[in-house]
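Note that the chains are named A, B, C, D and E in the order they appear, and that numbering of residues resets to 1 at the start of each chain.
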Amino acid sequence: MDIATLIGIGGAFLLIAISIVIGGSPMAFVNAPSLLIVVGGGLAAALASFPMKEFMSGVKAIGKAFKPGLPEPLETIEFLVSTMKKARKEGILSLEAEIDKYYEKDRLLGDIMRMLIDGQDIEEIQSNAENALAQIDQQLTTEVNVWDALGELFPALGMIGTLIGLIQMLQNLSDPAALGPGMAVAMITTLYGAILANILCIPIVKKLKYYKELQLMYKESYLITAQAIEKGLNPNSLQQKLAALYGVEV
Amino acid sequence: MDIATLIGIGGAFLLIAISIVIGGSPMAFVNAPSLLIVVGGGLAAALASFPMKEFMSGVKAIGKAFKPGLPEPLETIEFLVSTMKKARKEGILSLEAEIDKYYEKDRLLGDIMRMLIDGQDIEEIQSNAENALAQIDQQLTTEVNVWDALGELFPALGMIGTLIGLIQMLQNLSDPAALGPGMAVAMITTLYGAILANILCIPIVKKLKYYKELQLMYKESYLITAQAIEKGLNPNSLQQKLAALYGVEV
Amino acid sequence: MDIATLIGIGGAFLLIAISIVIGGSPMAFVNAPSLLIVVGGGLAAALASFPMKEFMSGVKAIGKAFKPGLPEPLETIEFLVSTMKKARKEGILSLEAEIDKYYEKDRLLGDIMRMLIDGQDIEEIQSNAENALAQIDQQLTTEVNVWDALGELFPALGMIGTLIGLIQMLQNLSDPAALGPGMAVAMITTLYGAILANILCIPIVKKLKYYKELQLMYKESYLITAQAIEKGLNPNSLQQKLAALYGVEV
Amino acid sequence: MDIATLIGIGGAFLLIAISIVIGGSPMAFVNAPSLLIVVGGGLAAALASFPMKEFMSGVKAIGKAFKPGLPEPLETIEFLVSTMKKARKEGILSLEAEIDKYYEKDRLLGDIMRMLIDGQDIEEIQSNAENALAQIDQQLTTEVNVWDALGELFPALGMIGTLIGLIQMLQNLSDPAALGPGMAVAMITTLYGAILANILCIPIVKKLKYYKELQLMYKESYLITAQAIEKGLNPNSLQQKLAALYGVEV
Amino acid sequence: MDIATLIGIGGAFLLIAISIVIGGSPMAFVNAPSLLIVVGGGLAAALASFPMKEFMSGVKAIGKAFKPGLPEPLETIEFLVSTMKKARKEGILSLEAEIDKYYEKDRLLGDIMRMLIDGQDIEEIQSNAENALAQIDQQLTTEVNVWDALGELFPALGMIGTLIGLIQMLQNLSDPAALGPGMAVAMITTLYGAILANILCIPIVKKLKYYKELQLMYKESYLITAQAIEKGLNPNSLQQKLAALYGVEV
């Protein structure tokens, strides 16, 4: 559970809500058509920017900002090193019995181990793993891009909404008393766009980018482990390498 | 058919139309001279930014955002792997009979197969294919750039239109009652520019960029197939490689 | 002749002129001091950004956006391939007689052929040609940069002019009737800056960048030809390579 | 102690304070709710952008902008060169006695020396040191990114605060006398955001980036020293290399 | 002497001064506190962004925009080629007598020649020279960065000054007659920031960047010369190489 995302986004929304309430008349800030044009229009324009499937999984990726689902580093080092020890002592074929455990931990780890056990050439394993990594990288990048697009489109739709409101207001200036409230309503879409972009989308983009790098680092370390097993390196040396890579002490 | 582009752009325009209609007086938002300066001026300035032929094919590339025309991954894998099997069993020359099918699937695939059957050196095939890929990459990039330029020029022309409108309005302030409608008309070009850029051009740019990468990936896989045929690799190994590259399971 | 630059820039200026004229009082948009501060100030600040010689040749490079002066691809392929055939049949020294034709076509081609005929080592020819290409690249990039700088400075000077105008207007608000026209005059410099940047400079920058890449591609192909001659490759193979590089069919 | 950070930030805040005080009514610029929404909201949105631990150490990194804690170049050269001389004269194992001094100077130096004394392969030492350097680089980059995020979020929250204030003010325009002060209050959040971003965050970002490069350069020089010891190079040659790297004269 | 910097910056300031004077009341544009907050505040915030020594030498680097102090290309080619000829005829040790001339021309040239005469390995000379070049590159880049920071901070402080002025003005709207002049004063800081950034800082940044590349090119050519001497290449070949690198004809 990423407590920082929860406290951060929750806290920022709370502070904005408080500053609206203490200014009186909070209901003036709730406007359904404004919300519709900013959120609906922004989502629609972002949908047009990606293939349907990629857009959907991108939107859902918000969950990762709250629950990244990353492996625990020390546990993973122990798991990979013990796998290597087993392979050294009992031979690579002995890993066949544990193949389900590898797939359970991570699909790419399973695939790599499958190829290793099947006796595929290590260079071919590496080439296939790198292709798969590039695929995963591209997928995670698309998830980031969806939120990046939303972070640009919500304020853009906010501005469009404000322009529409201002033009409507300017067209009937007969009643000067309506000028102020008219402008206030026009400005609400800009406010919605700014809040959604800065309090929601931009933090989500940064958090997803951060976790993307970590995710890829873990997946690369599975390939490093397979290479170490194949070369018959010292398990201590693998442990040291993984610890330096993960930035932890064992 | 890319349903996301259709729903996305259509939906966003619909939401904007609704929010204009429920504000009353929708005809105030239709202004032919404003449309002329934004769309006409933007197209003209973008035309000046590219050679005529590149501009034309760039504008037409909007069709790809709705109908990308990409190969179907599983079918393509099967097609390439079966080609390889045939070459292995009956010799490379046996592919001569199918050359039309290759050209039909993709012109680059046809050219690569042509060179392979003609017995050209694999390094020369690779060098020629890479030159052709660089050419295609540049062409698709230019298509993206045309929509990128339009996405910058429509709002710029919108701002120019608004400045012209404001200067005209400020010059005869004798009738204060005309102030509001005057400003409203001036702002319509900015609105047009913002809508065209954010609802049309920016999504098109992102979608075309996404499909460009896919397109190049497929074309690269044709070269990979030719290399695998030349080296006499195992067809299973090619199948695995293509599946990892396309990100599908076979 | 690049007809797109002419139609594009001419058409955009025409559309703006029309939209000014149909708004009445077109003379309100002609203001010599405003033009002086935007164009003069922008040119002066851009001049300070480059050495005198580079600035001058950068400004003159606008001619290339209308008349790129690029070689004709099919003709060039034929010329280079026939050169190669001659070298193959009659020996490299036989090219001595045609050296003026090479210099006439392109100075770098002449230099490369000169070195080839003089029997210089192909690696040294390559190293010298690459240095010369880097020089040309830098020169063409500077030309693009001059128009890029103008495209940023014209709007900046436009804003400076508007600020000066507004401050002057705000200082004597005694006559409210002068407020409107005063603001109108102040805004004219912003309008000039926006028009010059978006209708002139930005398209010129894009067009020059496009032609720069083409120009460098042709020059690189001269080095490729010299390498092919030195290696004694098959002329057909050179023809194919050049066609793939230029993106044409022979 | 980095006197420039202190004088710079202190001086800029002082100048702003003076210009507020000489304008009279300085208390009009102190507004607790405005401060709360800009600082609190900005910190909350930045917190959501990073994992909790990284955010905390990023915020604390402001201390480094005042007290960078970098090694003294001449002293470090002397220290590393004398280490090399000792290793040359008495053997690498003799460095065992000084291991605490290495860890005291820098943890990475200690780790590298530990591996060297333990007789690990130099390539493995290099690979582990580079992994550790990549880790440190990423950590220092995250510290910079935290202040970069704050530098973007403070003005964004300032704009959100101003929009809220304006909407509240426009909603009750009954008393025109309240218009001015209302707008003044609304604009205070924009002012706070601009001051925090430009006087605090942006200078901190630039300073931290500058020190990050220096920090990494020193850490790389420890690996260079270990490589020189292992190769048995001339100590003078190491001294020259470090002096050129640090940009000092010995 | 770089006449373009002088004419460019001088001319732009003159044009702005003229357009202020012909608008009447030029004294309205002179405001000491406004100048203090923009220039003083901008310098202070920039000072905080760099270490004291780097900031000082960065500010002083403005001199190079007027007097670049670059070597004369033809003279330098002759000097380097004649050095090579001497080394060829009389041996590398004969250059010892001229070592002061090398240091006089350029410190890096002196250092490289010193190492060459001392019989150091050419690879070590190269490695040391590249370290020194990286150092010089970083130093020149920091000089550019100082002016880049000023070019961003002057307008930022201008905006801060305008916000302060507007808030002060809005707080006492009792006298409507004071509204105009109050806003005029508030806008002066924005004007100062825009002028300093666009007429001074941005041109200086571009000019310093241009000269930085030239400076590094000359320094690299000293290493190329040393390598040519060490390899015993033909002096004509060095002359050709340098001419191609400098982009001159000999």
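Heads up, the rule we're going with is that contacts are C-beta pairs under 8 Å (C-beta built on N, C-alpha and C of every residue); 3 or more make two chains touch, one makes a residue touch a chain.
Bear in mind that the values here come from a model prediction, so they are computed numbers and not experimental data.
Participant: Among all the other chains, which ones are in touch with both chain A and chain D?
Facilitator: Touches both chain A and chain D: nothing.
Participant: Among the remaining chains, which ones contact both chain C and chain E?
Facilitator: Touching chain C and chain E alike: no chains returned.
Participant: Counting only Cα atoms for the centres, state how far chain A is from chain B in Å.
Facilitator: For chain A versus chain B, the centre distance works out to 26 Å.
Participant: Taking each chain's centre as the mean of its CA atoms, how far is chain C from chain D in angstrom?
Facilitator: 42
Participant: If you start at chain A and step next to chain D, which chains follow, in turn, all the way round the ring?
Facilitator: In ring order from chain A, with chain D immediately after, the list is A, D, E, C, B.
Participant: Quick check: in the complex, which residue numbers of chain B touch chain A?
Facilitator: Interface residues on the chain B side: 2-5, 7-9, 11-12, 15-16, 18-20, 22-25, 28-29, 65, 177, 179-181, 183-184, 187-188, 190-191, 194-195, 197-199, 202-204, 206-207, 210, 213, 237, 240-241, 244-245, 247.
Participant: For chain B, which residues are in contact with chain C within the complex?
Facilitator: 33, 36-37, 40-41, 44-52, 54-55, 124, 127-128, 131-132, 135, 138-139, 142, 145, 149, 152-153, 156-157, 159-161, 163-173
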